[in-house]
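Chain IDs A, B, C and D follow the sequence of writing; residue 1 opens each chain.
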Amino acid sequence: MKRTVALAAIWLVFAGAGLEALVVGLIFVPIAVGLSLRLVPDGIPVRLGAVAGLLPRFIAQSVIGGIDVARRAFDPRLPIDPGWIEVPVALPDGGRVALGGELSLMPGTLAAGSVGNRLLVHVLDRKQDVAAAIRHEEERLWQTTGARRGGASTGGPPKDTEGSR
Amino acid sequence: MSAWFLAFATLLLLSLAGALWRIWRGPEPADRMMAAQLVGTGGVGVVLLLAAASDWQMLDVALVLALLAAFAAIAFVKAQSVDGSGDPEEDPVSPAAGTDPTTIQPGRAPDAR
Amino acid sequence: MIDGTASDIAATGFDLVLAAMILGAGLFAVTVRDLFGAVVFFIVYGVFVALAWLRLGALDVALTEAALGAGLTGVLLIGAVARLGRRTGTQGTDALSRRSAFSVRSVSQIATMLVSAAVSVALGWAFLSLSDSDGLRAGVAANLDASGVSNPVTAVLINFRGWDTLLESIVLLAALIGLWSLWRDDDWGRRPGLRQHARADGVLAMFGRLLPPFGLLFGVYMVWVGSSLPGGAFQGGTVLAAVWLLMMMAGLMPPPMVTSARIRAVLIAGPLVFLSVGIIGAFAGGFLGLPPAYAKPLILMIEAALTLSIAATLALLVLGPPGGPAMPSGPGDAP
Amino acid sequence: MPADIVTLVLCGAGLVFFFAGTAGIIRFPDTLTRLHALTKADNVGLGLLITGLAFQAPDWQSVGKLVLIWAMALIAAGTTAQLVARSALQQQDTSQ
């Protein structure tokens, strides 16, 4: 029940640890958990430890992304050369969306959703080698899911084996 | 410190004038929408600075702005979709045909290793 | 570390820039020759005005402005522009620029501008000629203990000036009934709003799955905290309405049937509870008078019911009348 | 005080990124490149601002709220960037 813990923690951040806050939380945190269970029934098979391990690189990359775009924006010559690439991604559904969001904050790439299981990526400068970075991120996201990579090309979401959270 | 925070907030507010210009100019609706996003994010930043300068309870306002930040954009992309209430990701699209300076280099297939 | 004067100068500078931005956004909103642009300026204006309320120390109003002005109203107006464009066959964006330069319209526009300017000047003069006053602040503070809550704004809204809030909640309901009465007869019994759908595993649906539990807790927090700190039924209700709308827009749940008894019960729950408490109070002392001993639980009960009603009403107002395939000939097509 | 200096440096750096975002949204030539500038620069700016202000927060609740604001802004940015980019692409497609 990872999400119960997460939502309870969020409630504590909002309301503090006063007695009244705890009573109100006792009523509404379960409701929020119920809503969450209804919206994401099987739970995303995510290893929280692996996600935490992802964070430092993500933050570093997005800072680099910010610096990269800031440099180009301030540069009088405006050094950009935009184009598109399509990337087949075999991650389970939520993973592809997460990858897209992540790429949008990283240097030089901007995801535009996906067609089938191919992620559309707009690149700011075609001279940058983004393909390797995208592969790298996908590989890292794979490691956060408990899912097996079997049958990747069919794009079917691997079943959650850890049970609901 | 609060003088510093207010000075920063003033500068941040000034940078949003550029977004106003972009909303005025367009040309695409998407340009206007994203300039509003810029004002939203900048607005969250200004609220945070004001909170630090005067009253931390103001963080709740920043939370409201951040929580609802995506809503206008979602309403926008839905309105722009084919039937006005769909999802742009549902509609087929081909960047090759649509955009100009394009080379499609399909990424390597994610072969199982 | 830095003396007060530096802080004062910085504050004045901030206020001046903010005032300029508000005026600029407002002016652009009425002058931009593009309907969608005007809506975007309105949203931006909402953000700036929320900042102004913060500078004035009115956190409750800032929260409302952030949730409504910069949030839900934007969603409503964007949807309205899009539906207008579909009905009239224009892109919506060009609707304004089609007017000819000189017409009866522009004469009436100038007249409107003159009247507005006159009203502004009169209001400005009236404001500047006011003597300095703390208003009713001292009176509210003196009676705060009897109100049952420690947030003076909530005390005024639900207890001291309960009349106003009761009538406001009924006005909101009346607005929804007004909107419903504009539906064409054929549409009655269909679900409100356009037919919402989204790619099931797409970005939009993911966002719609992730955000609601968090938004629900935040909405509840807004209502709960309203008894002691800035917040309350209106702010919380707006957040909850947004969360509900998001789930519908992401195609995760259908909009409710307007004929459903359940949704109607939710719609009237707030005014009904408020009114009943008021009527019971009439026997115990005065209409809408809350006895101090029970004031806090009563206020919480009223706020909870009001929150549900406000959330449902706002969401249904934003959804609007049904649309979609059965709506090719709207009133906009009539000559 | 060292905490104050860290705050000021981080907030100042954040401000530079906000200005970069504005510069990008003005200078970049088309919708999608402007979206790059907005998404990346603004979020780094907000992140730095939040990190800097966290040093000034009076209690753990405020720190928690700052973290939540940051998380919300990140999720919103990742979502809207993809959706608006896709929508802009669609519009380009249909107009040709």
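The definition used in the following text is that contacts are C-beta pairs under 8 Å (C-beta built on N, C-alpha and C of every residue); 3 or more make two chains touch, one makes a residue touch a chain.
Keep in mind the model is a prediction, meaning the values are calculated, not measured.
Set side by side, the interfaces B-C and A-B show unequal numbers of C-beta pairs in contact, with more at B-C.
In whole angstrom, the spacing between the mean C-alpha positions of chain B and chain C is 22. Inter-chain centre distance (chain A to chain B, centres taken as mean C-alpha positions): 18 Å. Separating the centre of chain B from that of chain D, both taken as means of CA atoms, is a distance of 8 Å. Chain C and chain D have centres, each the mean of its CA atoms, that are 26 Å apart. In chain B, the positions touching at least two other chains are 1, 4, 16, 19, 29, 33, 35, 60, 63, 67, 70, 74, 76-77, 80, 88-89, 93, 95, 99. Contact with two or more other chains is made by residues 1, 199, 202-204, 206-207, 210-211, 214, 218, 225 of chain C. Across the assembly, chain A contributes 10, 14, 82, 97-98, 100-101, 113-114, 120 as residues in contact with two or more other chains. Taken chain by chain, the contacts link every pair, so each chain touches all the others.
Chain D makes touch with chain C in their complex at residues 4, 72, 75, 79, 82-83, 86. Residues 4, 7-8, 11-12, 14-15, 18-19, 21-23, 25-26, 31, 34-35, 38, 42-43, 45-46, 49-50, 53, 56-59, 62, 65-66, 68-69, 72-73, 75-77, 79-80, 83-84, 86-93, 96 of chain D are the ones touching chain B in the complex. Within the complex formed with chain A, the chain D residues making contact are 16-17, 20-21, 23-24, 27-30, 32-33, 35-37, 39-41, 43-45, 47, 61, 64-65, 67-68, 74-75, 77-79, 81-83, 85-86, 88-89. Across the complex, chain D is touched by residues 9-10, 12-14, 16, 59, 62-63, 65-70, 72-74, 78, 80, 82, 97-98, 100-102, 104-108, 110-113, 120, 122, 124 of chain A. On chain B, the positions that touch chain D within their shared complex are 1, 4-5, 8, 11-12, 15-16, 18-19, 21-22, 28-31, 33-35, 37-38, 41-42, 44-45, 48-49, 51-52, 56, 59-60, 62-63, 66-67, 69-70, 73-74, 76-77, 80-81, 88-89, 91, 93-95, 97-99.
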